[in-house]
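Take a look at the structures below.
The following pair of complexes shares a single chain, chain A, combined with chain B in the former and chain C in the latter.
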Partner chain A sequence: MTAYLARRVLQAVAVVLLVTLIVFGLIRLAPGGAAVGVLGSGSAHQQFLVEYLTWLGHVLTGNLGRSLRLNESVGALLAASLPRTLVLAGLSTLIALLIAVPVGLIQAVRRNSAIDHVLRGLTYLLYGAPPFVLGLLLILYLAVDAHIFGAEGPQAPGIGGFITDPRDLTLPVATLTLVTIAIFARYMRSSALDSLGQEYVEAARARGGREGRVVVSHVLRNSLVPVVTLLGLSLPQIVGGALVVEILFNIQGMGWQIWQAAVNHDFPVTLGFTLVIGVAAALGSMLADIGYAVLDPRVRTWQP
Partner chain B sequence: MTAHQAAPDDRPPLRGVRGALGVSLAGAGSAEPAAAPVRGSRGRHAGPAVSPPGAAAHRAAMAGRVRRGLAACRAYPTATAGGVIIVAMAAFCFLGPLVYHTDQTHVFLSQANLGPRSGHLFGTDGDGQDELGRLMKGGQVSLELAAIAGILAALLGSLWGAVAGYLGGVADAVMMRVVDAAIAIPAVVLLLLLMSIYQPSTALLVVVIAATSWLSTARLVRAEAVTLRIREYVQAAVVMGGGSLRIILRHIAPNAVGTIVVNVTFQIANAILILATLSFLGLGVQFPSLDWGDMIAGAAQTISDGYWWEILAPGVAITLVVAAFAMLGDGLRDAFAADGYDVTQAASDSVRPVTDQGEL
Partner chain C sequence: MRSGGHPRGGTVGACCAAVGLVLLLAACGPAAGSASGGAPAASSGGTSATFAMQPGGIAQYPFPFMGSVQASTFDSVFNVDEFQYLLYRPLYWFGNGTKPYMNPQVSLAYPPVYQGDEVKIKLKRNYKWSNGEAVDAQDVVFWMNMMKAEGANDAYFSTTGLPSDVTSVRAVGQYEVTMRIKTPFSQSWFSSNELSEITPMPLAWDVTSGTAKPGSGGCAGASYSSITVNPNNLNSATEEPAPVSASAKACAAVFNYLTAQASPANPTPTTYANSPLWSVVDGPWKLVSLTTAGNLKLTFNSKYGGPVAPHHITTFIELPFTSEQAEYNVLQDPTAGQTIDVGYLPTVDAPTPPAGALVGANPSTLPDYHLSAQYLWQLSYMPYNFRNTTGEAPIFDQLYFRQAFQLLVDQEGVINGPLHGYGKPTVGPVALYPSTKYLSQKVVKEGDPWALNIQKAKSVISGHGWTVEHGTFTCTSPGTGPHDCGAGIPANKQLKFSMIYASGVDWMESAARELSSNASLAGITLSLTEEPFSNVVGTAFGCTPTKPCTWQLALWGSWTYSPDYLPTGDTLFEGGVFNNAGDYNSTTDNQLITDTLQARTPAEFDAAMHTWDSYATNQLPVVYEPDEANLIETVKGLDIGVLNSADTITPEDWHYLK
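Coming up: the complex of A and B.
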């Protein structure tokens, strides 16, 4: 286990360094004074490596630079927008899991039945629907026509007002939930199908266990392991979905900030935010793998 | 692979793509298609075992092939449904304008935002242009660009993955860590960045979409290449002095064809979604060209007026086509798996098997 852990942590360090290199490369690609804006004057004549190391030093000490457009540091913008994205993505992922896990399990247990076909069809449609289409349709029918919910996300300045506004928070969360269900339900179905074919399920049945008990304590438990670790791996996808939802519902989260910065050529902000998201995703992927190894001992000893 | 391997559906064995392609004539006369052990090593190599003399025999062979094709369609209804939807949508977009003529150049403000009615079955948009005609025109752009970008991404990813998996060792580790790092940054964010750095153009759009989506394919093909590398025929080619490039192109890539073909469908589905998202955000296809995402972006401006048809029509079109490509991909994977190909978990799940981590 220690060897596996060490190897995986080393990998994550390499990946995080590569993420910084990609982001830095993008700064250099950007035309005009982008590099100077991020790195300070005098940078134009320096060597790539010197520049990179200087920038890395700044980043490591928490200095992500200043916005070219707003009189704020990138760190302050991050602190203001991160909680909103966390609440939005966290709530949606939680609800999506609560729906997708039973749905996938039912599909697997009742494979090729009418309910399986209907749910599969629905999952395909959710997979195919872009987040903004789902969001617009929800706005159209539940906000514009029926006046049940707000057409815009909560606009309160603080995070406290953001959470305590169910009327405005419902539609963004519902949109991102629908998008995320499509990721998890398909996966839960194949994971549960896989568990159903295992010998321990057969053994539990042979011992005379009731079918419901077998499904819950053997199939569900074992197929949850990969699904829960999927959480760590699907971070980039969920953040990508959150970006579209934030733009659509005018929620000043991280995705919205990146979009504003990208459209207005505010490179320090886009790059700082991209860096934070990339590093978080790399760490999430590492935690997922380690979590999986803790839960499933077979992974640790597996040699490629 | 442990619990991660997606379980293929319980299809009858050996009734899949090879049977449909008419690998052997053994089952030509019988209703049970290609149920016998499949002959020939690869579908494309295997012709009829014996050349049938005469036109009658040729017709019989054709009929058998058609019958087997239909049987394969019945065996994989998901793939068939997906394929039918894709063909129907392509016909609608590319052949539709030949039958259904609309004026897509002039603005008719007096006709703006009309609901569905006779003459405008799907209503009109904010410029008073017929929504059905725009759906066809926009669909052409969406499908064309997504197909090119998707195929490009799958090719790039396959090559990267095959090279990494075949070379192994340090090269493999470095190449796959690059994939890990690039996949950590959400594609939409990367695309926003790139499209804001450069002037948007159609060619750039295709290249950028491909450049941000080949990563999942690379992982899957690499996993395949790692297992192919140690096969006898690859080892034999190495011993006979075959160069790395030759071995990758002639032995690794053709044998990973199941994984690659399945991935092309998912890459195209993904490209349609990404293109629509970029266009919706105003960074995609530029005026006067338009795609389905642009149509929705236009409708989103006036959403408080309740012009539902302007969102529903392109929204349903995107959803149907993407779902159809995913269905085709899933079905093809099952078919390849039933044919004995070892198709690595498809990109739809877009999760790498945990055990797939190479050495650092």
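Coming up: the complex of A and C.
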């Protein structure tokens, strides 16, 4: 297991370096003297690799640069926006998993029953509904009309105020949750259907195991493997979904900041935030692989 | 130029990030036009008001003397009008009712008095800095000295304007400043486009370290004539002239220190409220807090010496928003965690006003607010690229083509369509609304001579040697005769153009698509490309003589006349000036602009303006586009006065009605 972990960590580091190299290269190619903006005047005449290594050296010392547009360091912007997006994406993913896993499992166990059809229809509907439509509908009915929840996300400064304001936090989290549920539930159903057809499930039943115990002990655990993988890989998509939710609910999170930076050619911020998302994606993928190994021992003993 | 989230005019730095979709509200008195909903007010009431900024606002740079680098980001309505001007008042305040004129009542000084080539500025004695010192002549000289030392690093620098057109600046006693100006010059222009740029600076800012004694920097007290720079010795990084004299070096050191303190790596904007520099204010407001996210809280400065309304608010809160929709959502939800007393309504959500009315009904979803429309003092336009290197410039040079092309712009259609009636057509460099003395009555009487007329456009082009082939006009009669295509246009050249326009603004996208559609009906192929605002502006203002300049038409929005409040043309339409994006250059036009700048009396100036306005209306140096209004929602019971066209706000006049 230790060797497997070490191998995955090294792979993750390589992926992150590759991501930074690609992003840096693309930004350098963009019009407007991006490299000069990031590194200061004179850098345009330096070799690409020197520029990249200079930037990487700054990053390794904790200096992500300074926003060309905002009167702030990239680090300060990250510190202000990352926790908001983490809370938003983390809470919605957690809730989505708690709902999607049983929903997918029930659909698989009751395949082609009325409840399966209804849940499948609902998940398709949610899967197809853009976050901004869902969010607007929730705002219209639950905030503007019914006044049950706030029409915007928590506005208190600091993460403490953000997470202790359930009234305003509910709708943005719910919007992102509904979209994420649809993704996970569909995978869970498909994965559970595969598991239900496996010989070990038949064997468990043949040994006289009760259906509930068979589903929980044998189907659920094995069905979670692809969902865990999906969880790790879907992190960038969740951040992408958070962008729309942040714009709609007036939350100055990471998604909104990186979008603002991109359209305003704020290259240090674009680079810094992309680096963080890249690290998160690599980390998510690595954790998914580790989770996969925990759930399926065959993985950790496999040698390429 | 200054616009919503974007810079204001007259400068290189400003332009490069500049222009666009403008905003803002302001001043005293009853609203210009308003409509109410139904239910009773639900304002925060009392002594506090919360103002929701337009999306994308950044108000985080306190130092009013902005270098071009800072100006490209912070020379915006949000940062200047809604932040700096509340703390540090400009010498002369513009915005008088709905008119963009000087407002002597709110200004720090009495109107300037001109005697020959000399101008006398007498400061009012009732204005004090919050540290108790008087706002006096030395504070004005301090700004001018810094401008002379750091002129090329100043956002509003121009080779013909301040400081190069001022030969001497002297403090005469504590409250009077005398300037000597290179002649000839127009008094109106100098007051509205030069003196308007000055913001007095306190002695507390004349320092080069946190422990230095106020005034020890040696810039405020230096004599203007002693400050010399070498224009032939440019800094390789900043391209600003090297300071030569000791006093110039002193001013440069002070500028560098203040700039560093306003954009530091270490102290963040959250520390500005307690800064020994930025807490010294002469405006009506003092900073209480400023967050990284841009939430501003200000409290009334009890030492402010200017006019305020009785029972005015004493706490002013500004909130940033991520999108128009988010702001509208909160406006609709009276139980929201943060109530908005004044905010913006997306045009798309506004019911169309009755014909001839400035403002229509309030949306039924906002019963606690009343709606007002604000028209800014600006020009909405799209430049042609007259220095285009792909062969289209000779076509743009043809007056008949520009006139035909303008006939394809359906301004009324855009105003009544995507703008929901909240817009005004643009027919020349001087806006039709707000109506000003600078507007030619000939233009007013004739109305829009280039209203949509596709058939006429087609006829004009076909009358000049063009024939439609495969749906697109092709030059079949090259030459310079009255019925030929025109100089420089070869045979078989087609009327095919590319146009870039700013993304994210619904009405602008509609306008671009409608123009493309009308053009195709007339036999002109217009290829549209949508790009981020900064890309469009960067492209339009980014051409240099040493590289190919390929763009043809660029639409990004508007140019707000601020802090150069006179639309004299020397900024946008004079040949060779930086902000003349398409490099329109006409001998007659240049002469008419010079006439406005050299008019000796206000009457002469107005007459020169009318002549130039009429000329530019007919010559179409740019494509005139419809001008969008801002829609402001104000909670019932709160009186915020007139919506000002000059982009300034005075929350010290805001008060709740009993």
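Here are a few things to note about the model shown:
FYI, the second predicted complex is superposed on the first by the 285 of 304 C-alpha atoms of A that agree within 3 Å, B and C clash if a C-alpha of one lies under 4 Å from a C-alpha of the other, contacts with A are read in each partner's own complex, and residues count from 1 in each chain.
By our rule, a contact is a pair of C-beta atoms (placed from the backbone, for glycine too) under 8 Å apart; a residue touches a chain by one contact, two chains touch by 3 or more.
What you are looking at is a predicted structure, and each value in this text was computed from that prediction instead of being measured.
Following the overlay on chain A, a clash is recorded for the pair chain B and chain C. Once chain A of one complex is fitted onto chain A of the other, the partner contacts of A:Leu233 are limited to chain B, with no touch recorded for chain C. Within the superposed three-chain model, A:Pro102 lies out of touch with both chain B and chain C [touch as defined at top].
Of the two partners chain B and chain C, more residues of chain A are touched by B. When the two complexes are overlaid on their common chain A, residue A:Ile247 makes contact with chain B and with chain C alike. Contacts of A:Val144 after superposition: both chain B and chain C are touched.
In the superposition on chain A, A:Gly90 makes contact with neither chain B nor chain C. Once chain A of one complex is fitted onto chain A of the other, the partner contacts of A:Glu72 are limited to chain C, with no touch recorded for chain B.
Of the two partner chains placed around the shared chain by superposition, chain B and chain C are both touched by A:His265. With both structures placed on the common chain, the touch criterion links A:Leu29 to chain B but leaves chain C unconnected. On chain A, the surface patch touched by chain B in one complex and by chain C in the other comprises residues 31, 136, 139, 144, 151, 247-248, 262-263, 265. Of all residues in chain A, only 7-8, 10-11, 14-16, 18-19, 21-23, 26, 29-31, 111-112, 120, 124-125, 127-133, 136-137, 139-141, 144-145, 151, 183, 186-187, 190-191, 193-195, 197, 222-223, 225-226, 229-230, 233-234, 236-237, 239-240, 243-244, 247-248, 255, 258-259, 262-263, 265, 270-271, 273-274, 277-279, 281-282, 285, 288-289, 292-293, 296, 298-299, 302, 304 touch chain B in the complex they form. Chain B contributes residues 2-7, 9-10, 78, 177-178, 180-190, 192-197, 226, 269, 273, 276-277, 280-283, 293, 296, 299-300, 303-304, 306, 308, 311-312, 315, 318-324, 326-327, 348-352, 354-360 to its touches with chain A in the complex. Against chain C, the residues of chain A that register as touching in their complex are 31-32, 41-42, 66, 68-73, 76-77, 80, 136, 139, 143-144, 147, 150-152, 154-157, 165, 167-168, 246-252, 256, 260, 262-265. Considering their complex, residues 56, 58, 60-61, 73-74, 236-237, 262-263, 265, 268-269, 291-295, 319-323, 325-327, 329-330, 332-338, 365, 503-504, 532-535, 538 of chain C touch chain A.
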